[in-house]
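Lettered A, B, C, D, E and F in written order, each chain numbered from 1.
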Amino acid sequence: MVDSVFMSELSWPEFEAKIAAGAPVFLPLGATEQHGPHLPLGVDVALPTGVCERVARAVGGLVAPTIPYGYKSMPRSGGGELFPGTVSLDANTFSLVVRDVIRGLGHHGVRRIVLVVGHFENAWPSVEGLDLGLRELRRDGIADMQAMRFEYWDFVRRETLDRLFPDGFPGTELEHASLLETSLMMLLRPELVEIDKAPTDGPANFPTYDRFPVPEGFVPASGVLAVAQGSTAEKGQWLMDDHVALISAAVRKEFGL
Amino acid sequence: MVDSVFMSELSWPEFEAKIAAGAPVFLPLGATEQHGPHLPLGVDVALPTGVCERVARAVGGLVAPTIPYGYKSMPRSGGGELFPGTVSLDANTFSLVVRDVIRGLGHHGVRRIVLVVGHFENAWPSVEGLDLGLRELRRDGIADMQAMRFEYWDFVRRETLDRLFPDGFPGTELEHASLLETSLMMLLRPELVEIDKAPTDGPANFPTYDRFPVPEGFVPASGVLAVAQGSTAEKGQWLMDDHVALISAAVRKEFGL
Amino acid sequence: MVDSVFMSELSWPEFEAKIAAGAPVFLPLGATEQHGPHLPLGVDVALPTGVCERVARAVGGLVAPTIPYGYKSMPRSGGGELFPGTVSLDANTFSLVVRDVIRGLGHHGVRRIVLVVGHFENAWPSVEGLDLGLRELRRDGIADMQAMRFEYWDFVRRETLDRLFPDGFPGTELEHASLLETSLMMLLRPELVEIDKAPTDGPANFPTYDRFPVPEGFVPASGVLAVAQGSTAEKGQWLMDDHVALISAAVRKEFGL
Amino acid sequence: MVDSVFMSELSWPEFEAKIAAGAPVFLPLGATEQHGPHLPLGVDVALPTGVCERVARAVGGLVAPTIPYGYKSMPRSGGGELFPGTVSLDANTFSLVVRDVIRGLGHHGVRRIVLVVGHFENAWPSVEGLDLGLRELRRDGIADMQAMRFEYWDFVRRETLDRLFPDGFPGTELEHASLLETSLMMLLRPELVEIDKAPTDGPANFPTYDRFPVPEGFVPASGVLAVAQGSTAEKGQWLMDDHVALISAAVRKEFGL
Amino acid sequence: MVDSVFMSELSWPEFEAKIAAGAPVFLPLGATEQHGPHLPLGVDVALPTGVCERVARAVGGLVAPTIPYGYKSMPRSGGGELFPGTVSLDANTFSLVVRDVIRGLGHHGVRRIVLVVGHFENAWPSVEGLDLGLRELRRDGIADMQAMRFEYWDFVRRETLDRLFPDGFPGTELEHASLLETSLMMLLRPELVEIDKAPTDGPANFPTYDRFPVPEGFVPASGVLAVAQGSTAEKGQWLMDDHVALISAAVRKEFGL
Amino acid sequence: MVDSVFMSELSWPEFEAKIAAGAPVFLPLGATEQHGPHLPLGVDVALPTGVCERVARAVGGLVAPTIPYGYKSMPRSGGGELFPGTVSLDANTFSLVVRDVIRGLGHHGVRRIVLVVGHFENAWPSVEGLDLGLRELRRDGIADMQAMRFEYWDFVRRETLDRLFPDGFPGTELEHASLLETSLMMLLRPELVEIDKAPTDGPANFPTYDRFPVPEGFVPASGVLAVAQGSTAEKGQWLMDDHVALISAAVRKEFGL
């Protein structure tokens, strides 16, 4: 029997057996989005998938195929849709994908599902997709689905942030393509990180509003919103350790595993 | 610079440079669908992705992230939605995803796009998605997008089919989880093939109509519609060679590469 | 009492009585599409309606009003949307129409429904419409609807095809506006066939892919994909006999009539 | 050449020639709806189609295939959705059908279109469908489409109404399945009228509001809202003469024919 | 405790208590639409809100927040979308808003709902929204919602109309921005009425059809379809008295209050 | 001439004149949502409307009618949909409303629009609505619309927060129905504040994830997420002064007023 936490690597009888045993299913919600000149477009797929893989292993769960296109990048959190290579879905499209996948999983007996956001802008459309999916399942007579939904980066200890940012954490939004994501990529996919290309034009200094069309100079030309310098695989490991430990604990607690 | 045909592995400036140079972009359209007890749920992601990777290398193109959830499995071509692990999208959802991705690529300067279907049921919804995407691009002032759309398995020489099926080719629809897909998986992902679990309850004997709800016994219990026995990686190589050679030739001809 | 299999010709009490008696309802799915210079735009309405009329008479069923606009014509099977007079619906529109009609019939007590496709491109959107309709009915508490769905031309005996095509059958797709449809129209609506205008520029020689925008010369200028010469009402009768006999038998078998 | 005003009876070159000559296209918007025990379910298809046929002949126009399923029947104007045989579309579905047909006609060069409502409840959804269709055409660069939209029964002279209703006209809404429609059906499809079954439980006495769910007794049990007695084919002819004369005059005036 | 019929002025426990006591909820359906040079854009919000406030007080009900954007203005009943300040929703959007609000109210225990149209063009889209909302509630297991839906101006006594229009009532459609609405605004919001700016270019003389694009001169330049001269607050009071008395009576009767 | 910044209080010629003069239009995005036992359901309508009114007066702008129903309340920021009186729209519905209003304003010549969010959960759906609206306007040939979008509460000086929260600001999300909103309501609508009913069961202690269905005790029973005690109209004035000054400055800067 194939030993894998990835649903895509299991045959249907293997999947069936895992679900019958109560395995929670993790659905990573990624994106195809610019992450500066030193990181690839697939960062938001690689990271939540990597986190889910480790958490699933820890708690006996499965990882459904990562949704690789996310909701539109916003200038203040991802640089915006104008950067080449950022290819996104309308909110309605994204939410319908999440709805349909949840509905499909529910019809096959899954009763514990965890949506893991790996792209800031997916937060709200994933809420809507989850709500729509649960609504449909209830109408189909499946009222006992249990679900969690979160952004993986929120599972980090204060001490770790302090270690990573001795001068103070700039906040989640500005961390796009910056120290956290770069360090995690150096851990997971070092061959795709060109750290010498990390720009120095950040951090961005955004106003408290969105502006359309995006004015010239609103976003750093590199697409990096804060600072990537100082990233290391070791720091990525600190983060990953926190993510896996804290998420696993939360999942176990909520689902009684 | 990262050397990869996968868009997800390139940074945005690398992507931008390739597109500026006229690279065609391949979009594999996969599925998460049962493929019998001997193949994993991700066959329809692995195969078109593998084909696109090789063709993109041959013609200087890029491969966009594979859409991992497809249109609903039909009993007569994929076993149907009742097999555990088959998780699908509504047609409208699937077409909107295709539309949005095409629109996004077009807005970033892509002018040659190739939709590569790796799941039978994606055929028509991908036509619609392409039509909607091109319509939106025209309304956005982009009227010169060139596109191709096909099923990869249609690019095979008569001689190859005759070699593979000395007793006659049963037809594309019945080939679900059978000799062609199994052989290709043995070539690309041998560690995921459990050939000893290949069932012997096929081939299916379908009537010329769909039937809802699907009657008991309509589909072979294994989910394999024809016969997987006799699959080998070598046969997979014959197929892959045809797919890559014929698709590359068609793309070069149509796009003048 | 009006004696008719056409639902549109019955009063509501007459319809109610037939449904209470268990009559299956046939829904022909047509199109308004070019069929060459020798056939009218309404071929895909006339033929499935004619088939359904005869089958309904044979099995004691009713024929719901034919949906007269179909899914978009594809170049390789219908010539494409550029031919004057081809007026089509988006896939989502078409599927919603099918969904709504099925839901309405189900709410009035119909429990046996047969979707009869008379236009190649309606195949998949009718699958989706049927799936959506049945889903809504289940949510409305109606879980016992039985349905069939097919293309009428698939109900033909091998012998008949051999008689019609002594040199070999070119395949369903290419038969657009060709021998089969022309012969059936000569049987059903001879006054609308201008056989002397049947072109000789076919058969089409299509590649194994779709191409957008459709290149000059991709489709025969006449819109006829194969060959219409040799069509006769007698051949139409051979076909109709097969269609009615085989469909009636399948409906009786599936619905226990 | 086939001589017909029905688009469905023309070949594509014949259609093309008529449109090139400036022919207006009439689109009848019908329904499948109960019309009492004495009239068939297809009244709202037969009547606007019959009117359009005559007007098209008078002004040199064409009649596109009648949309046979309409917007939901309302209790106060059509008896409501609970009568067996009334099969309707959601408003969004209906409007999308109208939108798509208008868009398709516009893309083929039609520049004069006339929506002819034959079912009271289609009025507003046809307005929306027309607005959406024209909007799409403008975005496709077609800004010179001219359109009219109306209910055919509004084209009647005061004198004719006075002749038909010596005791006063009860109003359009209540006329469902009553004198006007019955007389017109006796003119156009006498074999489908069972005048001896015309009920005597009308006219309905509705309040000034809708009520959901529809209370018992809100609608006459027969589905006839006023009175059908006294209907004759001769009266149908009076009406038809008015409809054809007044609509033709309006179309000529607006389109400069 | 706050004493108000406006839901927006109650806290959630206050709302909960009223609903538990069986209070019907009134939902005014307004618009932002031109009403001539003498009336503000918000007439269709102010009037149904004012009517609902008084009726709710009379029958012990609540008024939900008025929907302030309505369905598109039609030339023959509201002047059309071209008048500055008329800002409208697509029909689908409007119906979805109504659907969602009804669903939300139903989930909180409301079982008596009254849709009060204050803008002619909202009539049909509100029917659809109500139908969709009730459908969703039934699928959510709430089958006992009772609803009414009407235009407030239909609740007026013959005598009152005779008093207001000694020369005959021109009909509801033409009353846009004319005597009825102006008088009611003089009663409710006199500071917003500039009666000296009431134009004299009416009444409009419309044909029996819609025309797109709207021809020059089709609508009076002022946007007033009939005549506003002679409006007084006293006449507004006559109308308001009728509206409140007749609507209250109907609501009491239907809901057994 | 009526002197008002509220669009609903202007006649169409008055609106037209203001827009021709370049007035920016503010669109407040509200909600109908529980705000604890001491505040009314309409807080999220009253506050952004009040802010917009003052800013519009300061910069010569107009305030469009406030959208009174918002996106679904989330447990961690608004208590969730289960509190009586919280009536919300699906994300798609909400975004379509925003899209349609922006499109309508753009067609009437508005070129400066400001979306002002008054309900946390409206943030993302308003982004999508704005994006869809601008996209449609571009397709309609209007490419020069300038837009801003923000949450009004983000316009506050550090000093003010320090004055308001000597023990540290708990963060925007937890501020639901707490000190900020209560103080602002005491300023704007003191008659609707029942400060003695302010609960003491907060502040909420939320985990870093959403949980469905919402577990018992996840949200404080009162619906107040932090602490309302200590609220005063004077503090509301501090906040309002900041909001108006900072927003006005930002609008002037961005729009060059």
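The rule is simple: a contact is a pair of C-beta atoms (placed from the backbone, for glycine too) under 8 Å apart; a residue touches a chain by one contact, two chains touch by 3 or more.
A quick map from chain label to UniProt name: A, B, C, D, E, F = Creatininase.
Note that the structure is a prediction, hence the values are computed from the model and not measured.
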Name whichever of D-E and D-F has more C-beta pairs touching across its two chains. D-E
What's the farthest chain from subunit A if centres are computed as the mean of the Cα atoms? D
Whole-angstrom distance, CA centroid of subunit B to CA centroid of subunit D, is 47
Centre-of-Cα separation between subunit E and subunit B, whole angstrom: 54
Subunit B and subunit C, separation of their C-alpha mean positions in angstrom: 29
Spell out, as numbers or ranges, the residues of subunit E touching 2 or more other chains. 90, 92, 139
Among line, ring, star, complete and other, the chain contact graph is other
Run through the chains and report each pair that touches. A-B, A-C, A-E, A-F, B-C, B-D, B-F, C-D, C-E, D-E, D-F, E-F
Please output the residues of subunit D touching subunit F within their complex, sorted ascending. 138-139
Spell out the residues on subunit E that touch subunit F in their complex, using ranges where they run on. 1-2, 6-13, 15-16, 19, 32, 34-42, 45-46, 64-69, 81, 83-90, 92-93, 96-97, 99-101, 104-105, 107-109, 191-192, 194, 197, 223
Going by the contact rule set out above, which residues of subunit A touch subunit F in the complex? 71-72, 74, 90-92, 95, 121, 123-125, 127-128, 130-132, 134, 145-151, 154-155, 207-213, 250, 254
Subunit A contacts subunit C in the complex at 139-140
